[in-house]
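Once you scroll down, you'll see the structures, which are given as structure tokens.
Two complexes come next, and they have one chain in common, chain A, joined by chain B in the first and chain C in the second.
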Partner chain A sequence: MTESVSITVDDKTIVVAKGANLLSASLANGIYIPHLCYMEHLQPAAASCRLCFVEVDGRSGPVPACTVTVEEPLTVRTDAPAVRRLQKAGLQLLLSVHRVECKNCPANRRCELQRIAKFLKVGLKPGKLAQRFKQPEIDASHPCLNYYPNRCVLCGKCVHVCRAQHRDVVLTFARRGFDTVVGCYGLSGSSAPSCRDCRACIDVCPVSALLPK
Partner chain B sequence: MSQTSPHRYRQLRNEADRRRREWNESALPKIHIGMATCGIAAGAQETRAAFEEALAEAGVPAHIRAVGCCGHCYAEPVVIIDHPQSGFPPIFYPEVNAGKARMLAKLFLKEGDPRLEHILGATVANDLIPSVMEFPRFNLEHRLIMERCGRIDPEDIYDYIAEGGYEALADTLGRGPEDVIEAVARSGLRGRGGAGFLTGRKWALARAAAGPAKYVICNADEGDPGAYMDRTLLESNPHQVIEGMIIGAHAVGAGRGIIYVRAEYPLAVRILTRAVEQARALGLLGQGILGSALDFDIEVFQGSGAFVCGEETALIQSIEGFRGMPVHRPPYPVAGGLNGRPTLINNVKTLASVPVILQGGVEAFRAVGTEQSPGTAIFSGVGSVVHPGLVEVPMGTSLRTLIFDICGGVPKKKKFKAVQIGGPSGGYLSGAHLDTPIDFDSLAQAGAMMGSGGMVVMDEDACLVDVSRFFLDFTQKESCGKCTFCRIGTRHLLEILERLTQGEGREGDLDLLRQLSEDVKAGSLCGLGKTAPNPVLTSLRYFQDDYEAHVKEKRCPGKMCRPLIAYYIDLEKCARGCNACEGCCPVDAVFITRDRKRGIDQSKCVKCGECVVACPPEYDAVRRVSPPHLAPVIERPPAEEKDPKS
Partner chain C sequence: MASFDPAEAPDLTDEELKTLDDLKSQLEQMGRERGRLIPMLQFVQDSLAYLPPPAIRLVADHLEISASEVYGVATFYNQFRFNPPGRHPIKVCLGTACHVKGGEIILENFERKLQIKDGQTTADREFSIDRVACVGCCALAPVAIVGETLYGKMQPSKVEGIVLRVKIEKEQQERETRQHEPNLPTPLPPTSE
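Showing the complex of A and B:
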């Protein structure tokens, strides 16, 4: 029998299992916190999208909810001004490298970026930041997949599911810094057949940056 | 059994003492050449070859010994000659190139004349010649950690043992781990890698962590531009670091050690590898160290050049064979590090401090430095200073003493403008902060940070916007690309700074810079991103005028940003007939005026500044101005008059 802890999130009291993940618990209780990279089974959390910030009483500054393990009663605010400011800044940064062409995008209406922008009540625009796109627009080097670097938010979910599904990992991060992309470097012909039966990366992508050929 | 470790150590020490005595008693002259990377770059290998050749020619037998670096970069290649028969004490010679080496071999080593015009001073006080200890560069320093650097042969373990090396280990092995941790905690030693976390507390956490298989990692992934303290320590005295690691292993109960050193430090890698082998051969590593129950061995792991791998979680990923990307903490490495096991990660300087503390005593260590930051700080002072190099000063020394007394101040009568402390993640401090004491808390309060110990001094000709652009260019290239803020935010910061340095700054850019910097600082995952905006934030705070001039007047106060400057020739000073500037101009922008002086065609000039260098100092006629329209218009005569033969 797991012990339970009661926590207060935005004045709402919820009871969660001890050791639960704060982001996961909030989402399960109908409290939405913007997030892109969180995966239930990935331990420790990637914490790379930097959107699920919350304020936790007793901790200085916003912390990513996906990195908080509930061990004791907590008081959490998901809508503090500092949190919202960081979330909007993070979203604008992502949009400064994202082709906003929703009409032509297969992710339209189920896109996580759209959902987050709507939730934060901001437009799908990068604010004062200049837009910077990668070349080429489509990476077609994989035999069954096309990769769209200017849609990708580099949440890394595809890389993690690929690692979990295959013995010979196909997808990985390539290059670094601003030029980081998801790549299939060193892919041999033999991996391709397993990719044909596996759509894990395509299914997990929140923005349709990976599509079947 | 632990009782035998002092006995085993005594045997090693006796052998080391015997070798040392033999060396000391030799009547032959002894030539010590600083052969760390810095010395070799300055030509120490040529110096050594010249000594060997000239001594053979002159028929003078002598010992030539490669030692590490003593930190006096301005004086490289450094040679210390101990020539007992000449009657002189050991003498420190700076800048000994091959020619000087041949001269010294002949005149001093053969004929006994030390050529006093070439010396810096004697290394010890004496009645004959002045000692180096009369210079502030020597006497204001306080060498605890670097004491043996440049004096001993880093490739000979006995040289370290003869200096009392490994004595602290032998003593420690007879004490309980808690006792050792308690001593380190009481010393107040703080991590020298930058953050200043209490070493004793970290060790206690690692000790308390569950699990028998623990690791000790020495973080030698030194990557800050202009910082080379760790490299020098590893190349000059590797055993002090290894001793610190073994003591750490005993304290926390670790069985394996890894030195994570950059592959770009090939000499350090070679010397470390050799040092580990020597320690193993003498029973200082391996099973039952010095006859005790401690089993511990060290391997040298080479990093592949990513700056971010200096961050401890990325470093662990890198050792595990993954892409060097930081992982969210907690769990901290002391709880779950390499292969999920408790891992103690300490910086090179932290580990090198441990034997010093345990050998000299906690009280002696605490007597140096401040209450909150005991001990010494090692800085690599570079940039616009007369005596650049590695300096070790007590914590609490003021920046003014460090820059103006020890490093000799700003050369060429220029004014001091700023000092950047803590590498690309540090901040700039202005003249108003010169009396800030150097310690973890005071520097952090002023907006800079101790960092790993990089210190770059800038004079009045520096453009803080351009230097910030340089550091941002570095951090954004070195960002691993994992988290949104660092990956994309640092690129936008860089683009705005580039815009400013090109004279394309816009209204609102400074606010955008400030806001974006705050966001990247608050939002990033690891230390790299959290500190990357520091150069921008501190320069905006202390040097806002520089930024405003770039945006509002399209003027670069330091006259560094090329699109914002122009070169012209002061006709009052230009000498008729001199052709130095015209000859060096790569784009034929220099022309001859009607009265046979020189002018610069602004439409052709690429602002390389070669003409400034070429113009003889007695004329000093080339001027640099910002903004460019301040350059007086000197018309190029029509083509037919240009023929120089007329």
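Showing the complex of A and C:
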């Protein structure tokens, strides 16, 4: 049997298996921490969305909860002011490249961005940040998928599930910086047989940026 | 950022197809480890001057990874281009001084005049547009380089004339070669824009 460790998260004591991931342990115990890119089986965690920050006693600044492995008793705060500031800034950065059209979006009401904004009690607005959108609005180059770059939060979940499921990876990140997109390349109508029966990327997308044709 | 749409890439010339064929055997000597991907892309670009879709597929097949992965890596790095350089490459400087002096507007004017975006090449492969960061003569900002010629203190109104001059020079050259070698077949008249 695995050893267990008791940790304190927001004054609540929870008992977790030694070596457990702090983010997934908190979520499993009903303590919500905003997150977009975390995937249970992905080691090491991508830690790219910069939303799951927490304060851990003994660490100088907030750390992403998805990168903390519980080895010994910890005291964790998920709602410290510094944490909230980082999360709000992170969300605003995401929203500065996200077309907020919830009414016309298939992810409406089950969108992770909506959930996080509601949790942080902020609007779905980029604040003072300038908005910056990509062209074209829809990338239809994949034979069975449509990709919406201005919905995508670049969490990378689709890229990781694609990599995990197929030897010939279909989805990858392409370009860089503001121009980064999830792309597929070199597919013709007949050469993507694996995609027809696999909906992994569509199912894992938190914001419906990938939809079946 | 260089735009890239495989559908927009121009067809390969016969010479390029031949080079591509030679590359196949040359890649064999470079091993098949995944870590060889970038040196391999550099080698291919050295030979072809750019990475056309068949070259990306060639590297992918050689390393037994998907073309999508090769594409993802290649588009990350600025050193790789996906359109052939034109016979008269246009480089518009967007370094600090040129940026302040409106280099962006010069770039836009070239793009509008030639109907291509930066990183692309005209269908006749005469011109390609690239943005560069500082060519070392900031006192002349904004600067553009067309072929071998540097144009300082650029103005949007000069763009039209520069492109026209290159076209006229080319026609003149063709006329001269025809005079010297009258047996050469007359080239087709250039398609009007």
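The rule is short, and it goes like this: the second predicted complex is superposed on the first by the 209 of 213 C-alpha atoms of A that agree within 3 Å, B and C clash if a C-alpha of one lies under 4 Å from a C-alpha of the other, contacts with A are read in each partner's own complex, and residues count from 1 in each chain.
The rule is short, and it goes like this: contacts are C-beta pairs under 8 Å (C-beta built on N, C-alpha and C of every residue); 3 or more make two chains touch, one makes a residue touch a chain.
Note that the structure is a prediction, hence the values are computed from the model and not measured.
Trainee: Under the stated touch criterion, name the partner, chain B or chain C, that contacts more residues in chain A.
Mentor: Comparing chain B with chain C, the partner touching more chain A residues is B.
Trainee: Applying the document's definition of touch, where does A:Tyr185 land relative to chain B and chain C: first, second, both, or neither?
Mentor: In the superposition, A:Tyr185 contacts chain C only.
Trainee: Using the superposition on chain A described above, determine whether A:Asn29 touches chain B (first), chain C (second), both, or neither.
Mentor: neither
Trainee: Considering only the touch criterion stated at the top, classify A:Val170 as touching first (chain B), second (chain C), both, or neither.
Mentor: It touches chain C, and chain B stays clear.
Trainee: By the touch definition at the top of the document, which applies to A:Arg50: first (chain B), second (chain C), both, or neither?
Mentor: A:Arg50: touches chain B, not chain C.
Trainee: Name the contact category of A:Thr75: first (chain B only), second (chain C only), both, or neither.
Mentor: neither
Trainee: Return first, second, both or neither, reflecting whether A:Leu154 touches chain B, chain C, both chains, or no partner chain.
Mentor: Only chain B; A:Leu154 stays clear of chain C.
Trainee: On chain A, what residues does chain B touch that chain C touches as well?
Mentor: Shared contact residues on chain A: 172-173, 175-177, 179.
Trainee: Applying the document's contact rule, which stretches of chain C touch chain A when the two form their complex?
Mentor: Where chain C meets chain A, its residues are 1, 6, 53, 56-57, 60, 65-72, 75-76.
Trainee: Provide the residue numbers of chain A that touch chain B in the complex, in ascending order.
Mentor: Those in contact with chain B are residues 44-51, 53, 61-62, 64, 67, 82, 85-86, 89-90, 93-94, 96-97, 128-130, 132, 153-154, 156, 172-173, 175-180.
Trainee: Under the definition above, what is the set of chain B residues touching chain A in their complex?
Mentor: Of all residues in chain B, those touching chain A are 306, 323, 325, 327-328, 331, 476-485, 487-492, 495, 508, 512, 515-516, 519, 522-525.
Trainee: For a test of understanding, state which residues of chain A touch chain C in their complex under the given definition.
Mentor: Interface residues on chain A, with respect to chain C: 168-177, 179, 183-187.
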